[in-house]
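Should a chain be cited, it is by its letter among A, B, C and D, assigned in written order, with residues numbered from 1 in that chain.
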Amino acid sequence: MKKFWAIITVLLILFFLGSGLIPDLKIYKQNNLSQKTGKVYLNRTVNDDSPFKEIDKKLYGEANDVENNAANSVTSVIVDYRALDTLGEVTVLFLAITGVIALLGKSKKNNRILFEKPNYILNASSKILLPLIVLFGFYIFIHGHITPGGGFQGGTIVAASVLMMYFAQNNYKLKNNRMKVLESFSGLSFLIFGLLGIFIMGDFLQNFLELGIMGKLFSGGLIPIIYILVGLKVSAELSNVVYEFMGEE
Amino acid sequence: MGEIINYWTFIYGPLAIFLVGVYGLLTQKNLFKLVISINIMDLGVNLYIIALGYMDNASAPIYTAKLAVTSSRFVDPVPQALVLTSIVISVAVTAFVLALVIKNYEKYNTLDLIKIKGIEND
Amino acid sequence: MINEPVLLIVIPLFAGFLIPIIYLISKKAIKYIPIIAVFYNLFVLIRLIQINSTSLSYFTTGGYKVPFGINLIFNSQIGIILFAINLLALIALIFFLKKEFHLVNSFAYTLGFIIAISAVNGMVLTGDLFNLFVFMELAAIAGYIIATHKRGYYPSFLYVIISTFGSLLFLLGTITIYNVSGTLNMASVSENLVDVSPHFIVVLSVMFIVALSSESELLPLNAWVPKVYEKTSITGSIFFGSVLSTAALFAVIKVLVLVFKGGYEYLFNSLTIIGLATLLIGEFVAFKQRNVRKIVAYSSIAQAGLIISAVSVSLKNGTITDSIFNAAMFQLLNNIFAKGLILLGVGLLGYYSFEKLKGIAGKKKFASILITIGVLSIIGMPPFAGFWSKFFLIKSLIANKMIIFVAIFLASAIFEVYYYLRFIQNMYYEEFDSKIKINQISAVSYFLMISLSFMIIYIGFNPSSVMKTISDIFTGGII
Amino acid sequence: MTISYLIITAGIMSAIIYLVSKFNWKAGTILQTLTFLIIGYFLYHNGDYSSSQLAIFNNISLNFTYSYFNEIFLYLGISVMIIVSLFSIDGIKNYQYKPVYNFLTTLIFMSILGVFGAADFITLFIFWELMTWVSFFLISMGKKYSKKAALLFLFMSMIAAYLMITGIFLIDNAVGGITFSNLINNYGSISYSLKFKILMLFVLAGLIKGGVYPLHIWMRTSYSESPDSFTSILSGILMKFGFYLIYLIGLFFPVAFILKNNPSKLISELPSSTFFAYLAGISIIIGTIAAILQNDAKKLIAFSSVSHAGYILLAFTYGTSMAFAGGVTHILVHALTALGMFLSIGAVYFRTGTTKIDELGGLIKNMPLTFTTYLVSIISLAGIPPLFGFVSKWMIYQSLIINGSYFLAFAAFFGSIGSFMYVFRPLAGVFLGQRPKKFENVKEVPFFMKAGMLIVTILTVLFGVLPGLVLKPIISMQQSIGIEPIKASLYRLFSGLTTLDMLVVFTVFGAGFILALIIFLLFAKPTRVKQHEQYTAGEIVPELQTQPSIYHYAKNYYKPFSRIFDKFPSMEKLYKKGAEYLSSSFGVIEEFFYEESINGYIWLISITFLVIIAIRWF
């Protein structure tokens, strides 16, 4: 009976939510960018006088006078325009991992969950795959500003390699202290670059490097550096998560 | 007809997923299932964010050599950036709450909500 | 010297990232980092308050113009409230390092605490909806860590579920607002949110009401509060009672003022009703309690309800009714000190149930007197700070003809006075049970309590100066 | 020295007195008495009316005044505090928290100065609140059940305070300021309905504090359980705060303007005044009946206070110039007599450790001065000539008779007759009759307690003979606000009907008393009656009862009378039932909102969500 009422309630909420929102959400074809922040971010016209104007200059491969020229606009939003969010985000992850360690860390005695006879092929190939996967992860986050991907994605891939190692080899164990140092180090560097922005340019996390040309690896000023740091941090953090949950009493 | 289908897919779909999570929270008594419900809600919200950023005939907001310049060819990058943050936060919360579930199990030897509440109130 | 409010967020974060490295070198040395960081924060704040005027100013990050980049809002009044919050955080921190450091997983707890301070500052400062979400989550996770201390796993789990539910709704609302108004900046949202249907506004408002009620301890989502308060450590209770709840309330008020100020009457009416319901129910339930922590928890809920309803009443007409709003902010400020003092004092005595606190004043006279000052302030007795905030609130409400509001407020205040003084009476006039072990209270702890009660008495004798400094938080600025 | 300085002095002295008392409590109490005396002297010394400000707050200054309308109350407060403090030099010997007691009573003194000396409502409110929480701590120091009594006191006082603050801000809104003078000047601009609201709020607050019938519930326990010397302050002054408030509002609110046009009406401009007059009548009757039924001497006096609160309220609502003066006089009368009664009962408690009438008896031989004080006080309270109480009751009766109101006149006379019944019982039960064995060696109280009681006795007699001493400031007050003043000289009072010459009355009664004394000494032959011979008088012998107290003749003294009222609905029980119901419903609320499982909370949230949307939607 309770379930029936739950279904009714949920459906009612769905009705009210949906029909309240839909007429105003202008989705699909009507969804236009003309007055949205997203358009300004795409045009890189934030600091212009009239930021919503339609621009016609060519950016890719030429631009070097716009305010940030990461070819990947999503990256430019994450790491530059809304970089404070990203700082908070990596800290959330960092803190959550700390909490997990605090909860689980004491109860186990340096053991880990063992699996029954890992497959031989997996076992053997994992050692070959590990550097490749890590390399791929690094590639993802180093190229975050010009191709799809970035620090979080790359970090996850690196952490996935750790997970793979845990599945493939029963005697594998992550050296989590090193990971912690890496985590802290990259977090600190993130902040130091941010503070350098204040010292040099006057605003927190403001770019003070050369912007380069859009589409080149060395472009976008601080963006690739910070994304690399984020990537390192995320890979360290997620590896630590794997380590903690693989621990056993 | 096409419009209606799009409403269903773009708004009602994610909201329905979100509300499946709510349904789980309303009815489930198992701590782990509650966590799963929260995760389903996360999924719904993330889909909703992405759906709202969608535009017809537009591509991923990445400048490449091949595409012409005008920004109206790209989808809105902001929801995509936000969804990344949202995902990361939900991962963090999930990790923490799962650890909490483990500790709850260690302490009370059960995952049943009612039983835990009973022990807690004694 | 850099005078950027963003330092208030960055410095504690820096300390937080530094802690794991230091921890590997020396486990004891991490004690000193947070204190240095918070001291530095207070120092920065003093300078910021001196430099900034009373008008609201925006501080950009990343060098991007206001509605587009993430911005922080600051003026000297917000500085005062932040100062109080950071002061309480410092007190909790000093107490923690002195007394509870060795009892807990010191690493996670210290880290959680220092990052929580950063998050709390961020919540108060930020002028961006999504950024607020991030900081709220950060503070919430720090809160989870602090709440799990003393093996309170179930309350913590409850807190996580409820808080996550709230923040998901908040996210849903935020992204909807972005889709409609095209921006995430709180101030410009209200300008762009014009041609939408009334149903849309209702759905959006309800989303925000429910979402914000978890952090601000409002009714449908505040069930975690008493459970968490009860099960956490002394430091944790001060953190939740004085630091996090204040910052969350302020953040909620900021959202209401900046985003919804354009006369969403239905939203504010519903919020007023919910706030008053929270007030009444909080006081009623607190009336039944015989455990000081729970009493403070429920009374904290009630106070949150009062402040939110007063603020929403003041915003109802589309503009801010200054007098009510300022009185509510004064109440918020007073609660920080009074609640902190009570929680710290009772924590130092070491017991929470009425049974065990019986007659303890005979043994711990000075501490009991200080607790009494806190209690007398929170129930609004002259000549302490709380009297004036209640006074101004009633005055301004009656001046705006909110007689029913005043009636509900005063009716609940009678209950509040009753149960708080019952607790005091229990401390002074009952027989002390000689089996109970009396805790030693160190000079540092006394110093912390004395400084808090000094603040209360100072405000009690100087109400208008404080009122003047914290008034006009959101007016007279760009908005 | 203006009042603001006196208040600061009192505040500083409270700390010094606390420290001295910590060192030696007796020295502290003596210092307290001296402080009160000196402050009183300074107030008297600068006899001119003056106003002053205390600007420790930046732009909220506290205004004080020493003026025609409050001087009599100020002196009343100060003298009561001096007497009680004098009494306390020996009287607080058995108390547990002596230094704190001295500290808090000094704060009470400060709040009395503040309330009576206030020139604006905010100042009055601040010191009123100060008085509330300080009294709370003082009452809690008392006997076994004092904690509950203090909480009840607090609860009712907070209701009164909050009613008052609401009224104060309504005035602030209406006339743009909270000083008394501002109110007088702008009274005309307030609309009728607002006037009514404000008046109701203030009068209700005053009634709670003054202990008028349905709102009196805090008095019984607070009086009986609080420390004895504080009970005297409580009934002597603090209860009078309520009537001071009604007096003020009667004075400033309608009076100043109505009286000029229509001298016979005070509060009666508003329809509520009839209601309050009848309330006062009910209060007199119920207070009297309840007092008759009490066994504890302090509770008995508490209920007598309820009935006398009725008299004061009656006088104020009734409205003539004479009644108004009578009301103010009755405040003073009741302050003095209640002081005398509580001090003497306190003295008995000091020596015997009980105030239960049926445990005591025959103390007249051991404590003659205490007996005299009590006797004089009850004679005055019952309104028997030639003492002070007669004067005020005479004034009230005169105005009742002139205007002809039967129920009220009946109530007033009932109260007078009833008060013979109840005040006689402690007299007979405590001081006369058989003395229990264990109290045979009881001594009279120490010197300072005697001194305190003696002063009260002397004052009661003196004001009875020379009422002009008290009436003179009342007359000048009436003159300055433009009411036609009552006519009185030092010992003569004139009403429209008749003239009262207290000197003659006193002479006649004095002569009669001496005559009776002579007859008693010459012809009376006292016989000793054994206890078992008297307990059966008119009563069924309870079998198998072996407790000695059962045979005390004060036991079931008014049994036939109390049988009449056995089934009478009790207001206190009603309140108690309401409180229990409320308390259990709070439990249900807690269960519902805070003891659910997670599913329950989500249900709550979903339904809230739905309700808020749905209301707006349809």
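Definition applied: a contact is a pair of C-beta atoms (placed from the backbone, for glycine too) under 8 Å apart; a residue touches a chain by one contact, two chains touch by 3 or more.
Predicted, not measured: the structure shown is a model, and the values here were computed from it.
Engineer: Which pair, C-D or A-C, has more C-beta contacts?
Structural biologist: Answer to which pair has more contacts is A-C.
Engineer: Suppose every chain is reduced to the average of its Cα atoms; which one is closest to the average of all protein Cα atoms?
Structural biologist: Closest chain centre to the overall C-alpha centroid: C.
Engineer: Chain C to chain D: how many Å between their CA centres?
Structural biologist: Roughly 44 Å, centre to centre.
Engineer: Based only on mean CA positions, could you tell me how far chain A sits from chain C in angstrom?
Structural biologist: Chain centroid spacing, chain A to chain C, equals 31 Å.
Engineer: Just curious, how far off is chain B from chain A if you go by their C-alpha centres, in Å?
Structural biologist: One centre to the other, that is 17 Å.
Engineer: Please compute the C-alpha centroid of chain B, do the same for chain D, then give the distance between them in whole Å.
Structural biologist: 68
Engineer: Which residues of chain D are in contact with two or more other chains?
Structural biologist: 598, 602-603, 606, 609, 613, 617
Engineer: Would you please write down the residue numbers of chain A that are in contact with two or more other chains?
Structural biologist: If we look for residues of chain A contacting two or more partner chains, we find 9-10, 13, 16-17, 20-21, 25, 27, 31, 36-38, 41, 82, 85, 89, 92, 95-96, 99, 103.
Engineer: So which bits of chain B are touching at least two other chains?
Structural biologist: As it turns out, chain B has residues touching two or more other chains at 22, 25-27, 34, 52, 78-79, 85, 89, 92-93, 96, 100, 103, 117.
Engineer: Which residues of chain D touch chain B in the complex?
Structural biologist: Counting only chain D, the residues touching chain B are 595, 597-599, 602-603, 606.
Engineer: Give the list of chain C residues in touch with chain A in this complex.
Structural biologist: Interface residues on chain C, with respect to chain A: 2, 4, 6, 9-10, 13-14, 16-21, 24, 60-65, 67-70, 105, 107-109, 111-112, 115, 118-119, 122, 126, 130-131, 134-135, 137-138, 141-142, 144-145, 148, 176, 178-180, 182-184, 192, 196-197, 199-200, 202-204.
Engineer: Which bits of chain A are touching chain C when the two form their complex?
Structural biologist: 16-17, 19-21, 23-27, 31, 35-38, 40-41, 46-47, 51, 67, 80-85, 87-89, 91-92, 94-96, 98-99, 101-103, 105-106, 177, 180-181, 183-185, 187-188, 191, 194-195, 197-199, 201-207
Engineer: Under the definition above, what is the set of chain A residues touching chain D in their complex?
Structural biologist: By the definition above, chain A touches chain D via 9-10, 12-13, 16, 20.
Engineer: Spell out the part of chain A that touches chain B in their complex, as residue ranges.
Structural biologist: 2-3, 6-7, 9-11, 13-14, 17-18, 21-22, 25, 27-29, 31-33, 36-39, 41-43, 54-61, 71-74, 76-78, 82, 85-86, 89-90, 92-93, 95-97, 99-100, 103-104, 107, 146-148, 152, 214-215, 234, 241, 244-245
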